[in-house]
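Chain nomenclature is as follows: A, B, C and D, assigned in order of appearance, with residue numbering initiated at 1 for each chain independently.
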Amino acid sequence: MTATQWTAAALLQRYDEVRSHTERLAAPLSPEDQTVQSMPDVSPTKWHRAHVTWFFETFVLASNEAGFAPFQDQYWFLFNSYYEAVGPRYNRAERGVISRPGAHDVGLYRGNVDARMQDLIDGLDQGTIDKVAATIELGFHHEQQHQELLLMDIKHVLSLNPLRPVYGGAPAPLVDTDRMGWVEVEGGLVEIGHREGAGFSFDNELPLHQVYLEPFRLADRLITNGEWLEFMADGGYRRPELWLSDGWAQVKTNGWAAPFYWSDYDGVWFEHTLHGTFPVNPGLPVSHVSHYEADAYATWAGKRLPTEAEWEHAVRTDTGDAAEPHGNLADTETFHPRAAEPGNGRLRQVYGDCWEWTSSAYLPYPGFHPAAGAIGEYNGKFMSNQMVLRGGCALTPPGHARASYRNFFPPGARWALSGVRLADGGAPA
Amino acid sequence: MTATQWTAAALLQRYDEVRSHTERLAAPLSPEDQTVQSMPDVSPTKWHRAHVTWFFETFVLASNEAGFAPFQDQYWFLFNSYYEAVGPRYNRAERGVISRPGAHDVGLYRGNVDARMQDLIDGLDQGTIDKVAATIELGFHHEQQHQELLLMDIKHVLSLNPLRPVYGGAPAPLVDTDRMGWVEVEGGLVEIGHREGAGFSFDNELPLHQVYLEPFRLADRLITNGEWLEFMADGGYRRPELWLSDGWAQVKTNGWAAPFYWSDYDGVWFEHTLHGTFPVNPGLPVSHVSHYEADAYATWAGKRLPTEAEWEHAVRTDTGDAAEPHGNLADTETFHPRAAEPGNGRLRQVYGDCWEWTSSAYLPYPGFHPAAGAIGEYNGKFMSNQMVLRGGCALTPPGHARASYRNFFPPGARWALSGVRLADGGAPA
Amino acid sequence: MTATQWTAAALLQRYDEVRSHTERLAAPLSPEDQTVQSMPDVSPTKWHRAHVTWFFETFVLASNEAGFAPFQDQYWFLFNSYYEAVGPRYNRAERGVISRPGAHDVGLYRGNVDARMQDLIDGLDQGTIDKVAATIELGFHHEQQHQELLLMDIKHVLSLNPLRPVYGGAPAPLVDTDRMGWVEVEGGLVEIGHREGAGFSFDNELPLHQVYLEPFRLADRLITNGEWLEFMADGGYRRPELWLSDGWAQVKTNGWAAPFYWSDYDGVWFEHTLHGTFPVNPGLPVSHVSHYEADAYATWAGKRLPTEAEWEHAVRTDTGDAAEPHGNLADTETFHPRAAEPGNGRLRQVYGDCWEWTSSAYLPYPGFHPAAGAIGEYNGKFMSNQMVLRGGCALTPPGHARASYRNFFPPGARWALSGVRLADGGAPA
Amino acid sequence: MTATQWTAAALLQRYDEVRSHTERLAAPLSPEDQTVQSMPDVSPTKWHRAHVTWFFETFVLASNEAGFAPFQDQYWFLFNSYYEAVGPRYNRAERGVISRPGAHDVGLYRGNVDARMQDLIDGLDQGTIDKVAATIELGFHHEQQHQELLLMDIKHVLSLNPLRPVYGGAPAPLVDTDRMGWVEVEGGLVEIGHREGAGFSFDNELPLHQVYLEPFRLADRLITNGEWLEFMADGGYRRPELWLSDGWAQVKTNGWAAPFYWSDYDGVWFEHTLHGTFPVNPGLPVSHVSHYEADAYATWAGKRLPTEAEWEHAVRTDTGDAAEPHGNLADTETFHPRAAEPGNGRLRQVYGDCWEWTSSAYLPYPGFHPAAGAIGEYNGKFMSNQMVLRGGCALTPPGHARASYRNFFPPGARWALSGVRLADGGAPA
């Protein structure tokens, strides 16, 4: 959570950019679309729009605005997601039964908070900015996370509708891909985590610490749909010896036989995307697979998933510290991962296609301490039963990804835009 | 399902009345309100509006319209409720995840079917009318049932919203009620069921048949909130000996301690209604209690619930065959049951306040045969694990109730607008 | 619950007969067999043995024995089944986790209570006998009910064991059966219920009351396995139009495709019985079908199930009031229903083969009042969500069945030894 | 899985020791006790006895015995625990419904396999011994794991019995404990894992590899019941800020308010143990707490749990490589953890009291590869959603614990004999 040096003008401009991007993403969605919660993990669009607004109201305005009063008392309760310290929360699984405030009312809420935030920032002297900018900047990145979730969530909502609604964008042409290559990485005692002065990070990327790595190899691109079809053809979903025990239990209980959004129509695999339902495109990265599937694929391929430290070190070695060296994020042409460009001996598809499952459980770095107060509930308390994903995806907003970023989901989650990059080697001699 | 003698003009007029009443009921509800399914038993408002339209399209237009084509193929699937014979059905519990067609699209669907129905009826000769009128009339009564359900369902949706939204209407003044009296009814071999020539009925009200009754007494009004508070104060919800075994299990599992929509705020009982949340009004009929609660109350009071035959016979004896003798149905001033008028030795609150639980399981009358084809799925297949309710309620549309009408819900259901009338006597000498 | 006139000697003799029959039934079962609870509806054998003993201790000894003290305080709690008035109960679904007291300890408990009961009865004068005999006689019939349940329950326990253990008995030879005939029954106003002076009955068989019946026909024997195979071959388990809605839901949820204990091995249907697993014998009555299946079969056959009043009236008309006119109960040669004897114009297989599903919900007779106190919980509180079965079965102990006996199970229950007898006619003219 | 050098005589002697220890542990348990499965995680005693026998039959006899035939075909299916490669498995959660084979039959099975194993080993030349000894030795350690589980499982079974049965042993006197001290450990690049030549290990302890550690401190003893009572008194189970999110969800869902086997009788905390139910002894280590509780306690105390690498390195530094330096395992006097001896600047209670939760997820070591074939399913496939525990406990058999041993349970598990040791420091400068 180290903050950049901000001025009021820069804060105002960034505030406007981030906030208006959310509204652009919600614009194609009807009030009815914005109301639905299709499963407990999914939140309604209008809830996302309101919750990120609540964040600014609660963590910035409440403690900095003169004569603060909440826009609406009840919103305090409705749009708290998981901050136990702020007070009682509305049950996550029941967000979809709340028809009011409607999409338009949420727009009024956003407008009100935006005006108050702009007034607030406008009136701050630099000394106060230095104190509050970190929280405002956290609000930017928080809202960006929800921009990504908003798209993942509405993708699920629309997937259940027999009318096959389209969110937006157009499909990529049918493509194939060149052979996967490997990037060799030297091991040793390496530094992992966010570096001082390198811009924003979440608290879970800290502290910077040392990890010992054996030499290893990292695949230079993501696994494709075409490769995944080979795994399926070879009985990938029917062979228990390939799977973690909990993963195999899910295969059997849920009848997994293909990635999350694939459906078989008369022997042809189709994929639901935000731009519609189309035959599976073999050259695109496989997406919406769980950690269990990624791990089983790696076992089948005689390889493994990388640890998060391997991933981070390889990316830094390959690209330097630049935040988004391959930064083709937030593809608004397809809202979907893209085919890899031709191989050039370096890592491809690092940030803008699929979040990449690692073999690392989401645990605190040595010496990690969450921030004090409610803000401290941001990350640390989720460090249980989740696996780390690295990189970014086609729905990640510009400026949001970086080498030290730690995303996380439970190993059975499939509605996130997740994919697979293999690793190899790393055994001690 | 005996039909009245219809002319095209009369059918058209009635069609227009029934259809426009549905839209009037939906008018106060936003697109978001119309989308929510708050529990599996509840359907979204826009689903109700579309499903009753689907009924006319499927059972009238499909077999009578020249060059019939459905308005939208997928609607065929989405808005079928339980007619297995018509094809696969969309899972009831997942109606709330379908954001499209939206409320406006459903309006277009309704307009299209209305125009086609009007064209169809306009062009029919009397001979054809005589053949199709029964199905169209069934469609009227079907839509009326859903008008009532639409209100019961949205009442539940709004009840979960911490903003306490109001559907419409205003509260009644605080009232008290005179003492409950008894109407004595002679027994003997009596006729039960719908009589030839008495207008429309559903198939489950047939055949007319004989039942032997011992003499008994029926309460002249419904049990009030005030009387229910006495039951509660006397440990009604804590004494297993008052309860059916399945009912007691629900008390314990669900923590029942008061009627469905009552909440205790700082020691005062409030009730959620369609006109808002107000302190419990002691003189109004108690409502939204399950069969189990009604039965436990009767046991506590040293009385019992009437059988459906007793109820029907008592009402006929008291009021003659007039369909709605006390017909203060569909109260659009409060959308809520009203206080009983002063006693006059006859039955009060028969039709327009609360559906009344009986002690009769919902079973076929002797010689009952469902109609052939999909229409035959209307009633008969639900004759299991449900209890009969008689009368009508404050949400029942005008012209919909009658003495032989058999409503039914599972004994644990509480979201229906149900109340309690006691019986006594009836034991053989 | 009307009692016979008893003497001490007769009571002692009957006590010994009933109690030792239970032990004979448990004798083939190991301590391990007697411990298992294979599903919540099933109770362990040693629990049955202890619970019927607890009944005598609680309802007879506690109020009549001088210086009464329970054999073991904790047993008071462990072996109460559903008598809320007696105190807290041990959770029914967890009877299978109680390893102690073991089977041998339960034997000691039985011996202790037997000795005390014998002492008690021995010392009673006739006046006291006249007061307590009704409760002791209720204890006999209560224990007989559990004898039947003990066998139904252990049948289920053993059915889950891949070793295919045998309880006892030998299979009947392969048989076929003559054509089903019909017995015509005149209707009218008839008396239903237990008659004064006709020996013991449970409270739910009272009061004697009048019911009006249209003329009808009752099948002269039960439906056979062979006939059931025709139903299956004609898609009986795949055609929703044959089923009650709740029944069809169970077909789909539970994958019902044959009676409960049937399994398909390489295209041949086998049936698990207490005497082992054998190919389905076409001439024997079909058994272990739910009410839903019985109802669907009747619909498929163009017939219906009888009401309980029709069944009782037909049996009385056919056989007079004799308790067990066809009394081939408790078949210890096969522990299984037997083939019908050749038709002779009268009802066959009335008592000793399968309990017969009726179309009547289990509800109180007009004027029914449960007994006061804990004993009053015997029957009345179960009058919800259950269907009545009439007759008796091959596991019913001798002397336990009669024309007015009302057995009851939920409509989806299949582990009881239930079968199907059809009715026809009965429609009002 | 590195094997020691074995001779036939040594193998035979060890075989006899391990096998007869299992029977000694089962001896106090009745056939009924041995049959019960009190929850899905628990296995019946007779299942443990049979399953460890099945292991020798399947993995040793089947491939080495001339003319091999299984003792009983069906046992092949019934006593396979999780080896998918061996064939279909019997559903874990239903082990408690299998009454046969009974406890005595399982004894016969054990006797048969023992005789065949002894014959086999007797007849082997040294070359063959060198090949099969590794699998036989794995069987010894497998059986020892089940000896520990057998006791943990029967502890749970007996805990549900209102008769409060005792397994064996006597309580320790009431004790208090001296203040917890800290052992300082230097960090650096350290070796973790099982060392070549140091006797047996499971595959999950390999490969030996390097880990970088910052300097840290490890508590010199376990947290006591007395200290846990302070945590409870300070609202430990009521303060969400102390808990991981998944842990807090379990607190609320399951109503956790104290360790697993504690019950409050009239304001005094009692603890269920294998030697009976007694008031909580403040000086004994707290036991049967989940990872979530251990983590919340550490947060409350301003400390943290150690990583598994920290634990292993600290123990090696403190004690050298000796397998069981503090080896007071398998306490048959109390079957319960004991009070710490007075502090002496070194680590106390390392092996014989409670398994110690670490902050490490159970994941493969760098370069880990499971063995080929069914044996390869031993450990690797469970590396998901579990946390590592280190040390050993009062139920661990002698010779079974070592510094590199990795035990694992899901973070919510409480029926294992688990406790808490704190760590501190370790942050990078």
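To be clear about the criterion, a residue touches a chain if its C-beta (ideal position, glycine included) is under 8 Å from a C-beta of that chain, and two chains touch if they have at least 3 such contacts.
Remember, it's a predicted structure, so these values are computed and weren't measured experimentally.
When you check each chain against subunit A and subunit B, which touch both of them?
Neighbours common to subunit A and subunit B are absent.
Measuring centre to centre with C-alpha atoms, which chain is farthest from subunit D?
B
Distance from the CA centroid of subunit C to that of subunit D, rounded to the nearest Å?
About 47 Å separates the centre of subunit C from that of subunit D.
Express in whole angstrom the distance between the two chain centres, defined as the mean CA positions of subunit A and subunit D.
37
Using Cα averages as centroids, what's the distance between subunit B and subunit D in whole Å?
Using C-alpha averages as centres, the distance is 60 Å.
So that we know how the chains sit together, what is the shape of their touch graph: line, ring, star, complete or other?
Drawn as a graph, the chains make one closed cycle, so a ring.
Output every touching chain pair, sorted by label.
A-B, A-D, B-C, C-D
Subunit D touches which residues of subunit A in the complex?
82, 84-85, 189, 207-212, 214, 240-241, 243-248, 292, 307, 359-361, 363-364, 366-367, 376-377, 381-385, 411, 426-428
In the complex of these two chains, what residues of subunit B are touching subunit A?
For this pair, the touching residues of subunit B are 30-38, 46, 74, 77-78, 90, 94, 96-103, 157-158, 160-163, 165.
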